[in-house]
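Look for chain A in each of the two complexes below; its partner is chain B in the first and chain C in the second.
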Partner chain A sequence: MTGIMTGRSPILQLRNLTKTFGSFAAVNSIDLDIAEGEFFTIVGPSGSGKTTLLRMLTGMEFASSGDILLRGERINDLPANKRPTCMVFQSLALFPHRTVGQNIEFSMKIKGIDPARRKARALELMAQLRLPENYYAKNVTKCSGGERQRVALARALAYEPDILFFDEPLSAIDYKLRKTLEKELKDIHRETGKTFIYITHSLEEAMVMSDRIGVMRAGRLVQVGTPQEIYTAPKTKFVSEFIGDVNIIAVSVNGSGVTAPTLGVGLKSPPAPAGFAAGHLVVRPESLRFLEHAGEADNALSGRVYNEYVLGSRIQYQVRVGEQVFIVEKLRQQAFAGKLDDNVLIGWDAKDSILVTD
Partner chain B sequence: MSILSRLLPPGRRHALPLILFMAVGFAAPLFAVIAYSFVPARTFDLWADWSFDNYLEVFNSTSYIAFGWSLGLAAATVLILALVCYPVAFGLARVFGKWATLITLLFTLPLFVSENVRLYGWIMVFIKNGVLLGTLKSLFGWEPDSIVFTPELTLLGMVYVYLPFMLFPMTLGVSMVPQQTRDAAYDLGASRWQVFREVDLPLSMPGIVIGFLLTFVLAVGAIAEAKVLGGQRIIPIANDIEVAFTYAQNWPLGSALAVLLMLLVGFLVLIVLRRFDLDTILGRR
Partner chain C sequence: MNSRSDRMIRALIWAWASAIILFMYLPAIGLLLASSTSSRYFIFPIQRWGFDWWQKTFVSLEIHQLFKTSFAIAGSVTVIAVVIALFGALAFARYDWKGRGIFQKIVLLPIFFPQTVLGLALLLWFNALGLQMSWQTAVFAHLVWIIPVCTLVISIQVYSFDPALEEAAFDLGASRFQVFREVTLPVLFPGIFSGALFAFLLSWGNFPLSLYTTGADTTLPEYLYSKMIAGYTPGVPVLGTASTLGAGILLLCGYLLIVYLRRRRSADGA
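== the complex of A and B ==
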């Protein structure tokens, strides 16, 4: 079974969940347990099937085979309007002809809750999401991007869902506001204690917010783990490449170490798992160091500094070793003392590298 | 710098040709009709003694029957078209997919044929021993009464003729409703009917209102349907106006009728626009 969070009961369980369109499997036999109160993010490039998966979970699309269990109950055939779950859409999908208050109260109106209680709850949610009280009668189309996000979230929370789904609601927002909203969303998650299932193509976004991350590729869930695990122990080249810059060396196992045919050298690596014959050695840019002597690290390569990129608190160097380009990242205080085109030795320890399959 | 450019800001200066064109081509005839409605009956001198005599004559005549027929038929046409067109518009915007273009074309095709020819086509269908009744007679020996020259067939003709004018604005309106907004309402617990009432209907209202206004204004002025299909059994107000301007050579009376019709329709349109402010519906204000 793929990673149950210890100590917490699963709220949502997916068993062999599959969705086919003709002969094409958009979502291919997914098994997953999501714990009560968890912030789980599904990450994948466009076309990986994450949106189809989400549409099945919300009840807007029906599974071709497999099961969706909510607290142990099979909800496969329950349509979206009967499921105790709610989604925040990519476009937010607010009702443009209604006020902020009417938007938030929509589900309560459908349930037949009386206007006074509706309004009280709406104002409560607005306060929680830091929306000014006088926005109650404001038309949603007049709200700013960040305010609209909050209205959409308040509208979803007003439904009192067991699980809240998010379909990349932050993707169309500029960088600075997105960073603020990511943190806000994580705060809201803490305050409400609800289960959040989030979908994004940005692993960086997923890292900031999630308890656990599931990486999707071509309809399959290729790895599930905490942000730490995904970052430090990716199982495949695909997962390792998904976040930021990474150095990848094609290798084949040779005795206790590995050989890199493209570099023409043997390298020290973590012990290869049984049955692992060939794959890639992954080294994060921050694990690479500039060396004085080859003996200072388990592995050393000589190359030439080709360029440098200042990223604010960190600086990246492009070092060319033969045909291959390596990215070395240093904190600003530990900047490389030499200049461009200098010949340098770069190196890393075996424990800082990861062997991954293709 | 010419005097013109000094007197007028660039915007108004460039609008001048169009303003002149509209003044001569649109406003002038309208004002002529209004002016004629005040001159003595059966005269053609615009500067004769102005009075309300023509209006008094209209009010003392039985013209209200013609007004009633026109407004009633137009209202019935709009109502029937709304019910007929909404499902079709919904289909065109959401269901038919690649067939929508072909179906749209089929709905447009009749517009290329003269209205009178199409109306006479209906006569061929419904007349005694015609396409419909003739077939029924020869196949089943059943001979129901023909509905040719009845108000019902007039109404059918109007519904048929004005269908595209309701359908296309409505289709545009329906296609303006974002799918995600409908999904969101559904996801928040609304039933299909509630999604329709709370999201589809209000958000497609601009298209629906434009369709209503367009067909109503056109249908109030309808004349050929009553002449051809109604067989002059009922006289719409447009017919009275035509008669006044042609056979009767009573331009002032015709003008008075025309002005009254304009006022009536204008008043109704204003009420509708007040009730459904298009900008508010679209969320622009």
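== the complex of A and C ==
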């Protein structure tokens, strides 16, 4: 996916962007370039500053220091109604006293576009978002959750924004519909070719939709990369833990190699960067396998199968090695043949593990 | 078991409804009956039925003047109270600002003050300022008591208002004024409307504040009171009934206005 993005000029550049409330820095010196047409997602737990960052980008909050450049022009002090950007709100913020059509046409009415053209454009957007034409006069409060999402998106698109922002609009929606809407949103992104900037606390949601992901923690952007990079090459324990289940082993590095003090063994791992003394070794559950002999993998540990969880197409096993709990994940066809409380050998190869800092 | 408890519930509903009719509406009907007599005095059962007193009341210039004064006061109070209370309610419930807690308490204080004492206090205050008592001073006196009530009524609507609506409109290019006109005002309209009704009815029926502050002008409740103290005629129930009907008609007009506006708006959208 990165290939698609390279060579495009950045539409939005953040330079040392900071927002402080009193002595607290909610957003702490962020530098970031976002390419034209990119789907960029900012992920972070609540309180990580992602909402404050988004509010600065939309113009609802103003930066304490640093710059926001839109196509090279500084827009720091431009209020939201003067910026060529638009946001889909978490609560969607649809105007309850208006119909679907009036909601979509709101920005066009403000611009003074005549009613006939407004209606034509609204119907065009409704068709694009698969909203039935007779919804035009429907009261927006009578629409279902998924329909309301589409109305909110249509209303934002009607503004013809250069950048579309999303503030976790899918967080209050049930799992199945959310999965559908995630894919729809990605399709719409392709159809419109606009730059989408999305914030969420769910890295899984981010993975499905994004070209690139930025992970935030305590006001700072700790890692930026493609979904692949974030998943396979997290730089810190925090990022690695952010998606799905993960096995994390505390390790220290010295002249003779990597050792895991809690397990009391030496481990084979990717080469440690210079100056790396202590950290964690991350192994994804699907990289772990059950072994017949210790020699079948670079690393092998003996433990006991304590529990199993059926996840549908996959099955997870909880294997206890000493004090530490390991999660092993297998496809259903490759299910573990033994039973609970069996003693087993589990192992993984060095190339499937990642050394991360704290 | 089930049908027994059903019957029990039904019996309770009937008892409840009858009690409401008996205690709330019967007195009003009694008033109507008392006004429909041809005799000079209040004698029950009524000996001679007739609408003589209705006719006498409606041709009386004095009564016309009473209605005019009451209407002038209640009308002015409604307009001023709604404007001030709307912004007061936004400060009360919409915005989080330093001192909001104190503001919320101070605003409510006049409601807890007994109205007769408040009326007297205002009279002394107006005197100290050297003002001539008239219906205008009464408007001010009513406002002191009615604005807090109106603020509370509108605040209830403001509490359920999602501030993101304003932000969304602003984000879609609307100016601050357009946000207010296109989003804040229409979304809060039901609350503003109830506030206006409260303001009008509380002012229309107010006696204790008017008593002290109208000076030479007289409102309906003041007139009714003085007539009841000295010189009862069936004109009193006539006026009482007319005043109640007037309030009822006002409510109905308001309702029709809302229905009309809603129709027109959906016609715009179609």
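Assume the second predicted complex is superposed on the first by the 352 of 358 C-alpha atoms of A that agree within 3 Å, B and C clash if a C-alpha of one lies under 4 Å from a C-alpha of the other, contacts with A are read in each partner's own complex, and residues count from 1 in each chain.
As a convention for this text, contacts are C-beta pairs under 8 Å (C-beta built on N, C-alpha and C of every residue); 3 or more make two chains touch, one makes a residue touch a chain.
All values derive from a computational prediction rather than experimental measurement.
Novice: In the superposed model on chain A, is it clash or fit for chain B and chain C?
Specialist: clash
Novice: Which partner does A:155 reach: the first (chain B), the second (chain C), both, or neither?
Specialist: It touches chain B and chain C both.
Novice: Applying the document's definition of touch, where does A:137 land relative to chain B and chain C: first, second, both, or neither?
Specialist: second
Novice: Taking the superposition as given, does A:96 touch the first partner, chain B, the second, chain C, both, or neither?
Specialist: both
Novice: Tell me the contact category for A:343 with respect to chain B and chain C: first, second, both or neither.
Specialist: Once the two structures are laid over each other on A, A:343 reaches no partner at all.
Novice: A:180 contacts which: chain B (first), chain C (second), both, neither?
Specialist: A:180 contacts neither chain B nor chain C.
Novice: Of the residues on chain A, which ones does chain B touch that chain C also touches?
Specialist: Touching chain B and chain C on chain A: residues 58-60, 79-81, 86-87, 89-91, 93, 95-97, 106-107, 110-111, 155-156, 159.
Novice: Over in the complex, which chain A residues touch chain B? Could you list them?
Specialist: For this pair, the touching residues of chain A are 58-60, 79-82, 86-87, 89-91, 93-97, 106-107, 110-111, 139-141, 155-156, 159.
Novice: Which residues of chain C touch chain A once you look at their complex with the stated criterion?
Specialist: 162, 164-165, 167-175, 178, 182-183, 186-187, 189, 265-266, 268-270
Novice: Which positions of chain B touch chain A when the two form their complex?
Specialist: By the definition above, chain B touches chain A via 178, 180-181, 183-191, 194, 198-199, 202-203, 280-284.
Novice: What part of chain A is in contact with chain C in the complex they form?
Specialist: These residues of chain A touch chain C: 58-60, 79-81, 86-87, 89-91, 93, 95-99, 101-102, 106-107, 110-111, 136-137, 155-156, 159.
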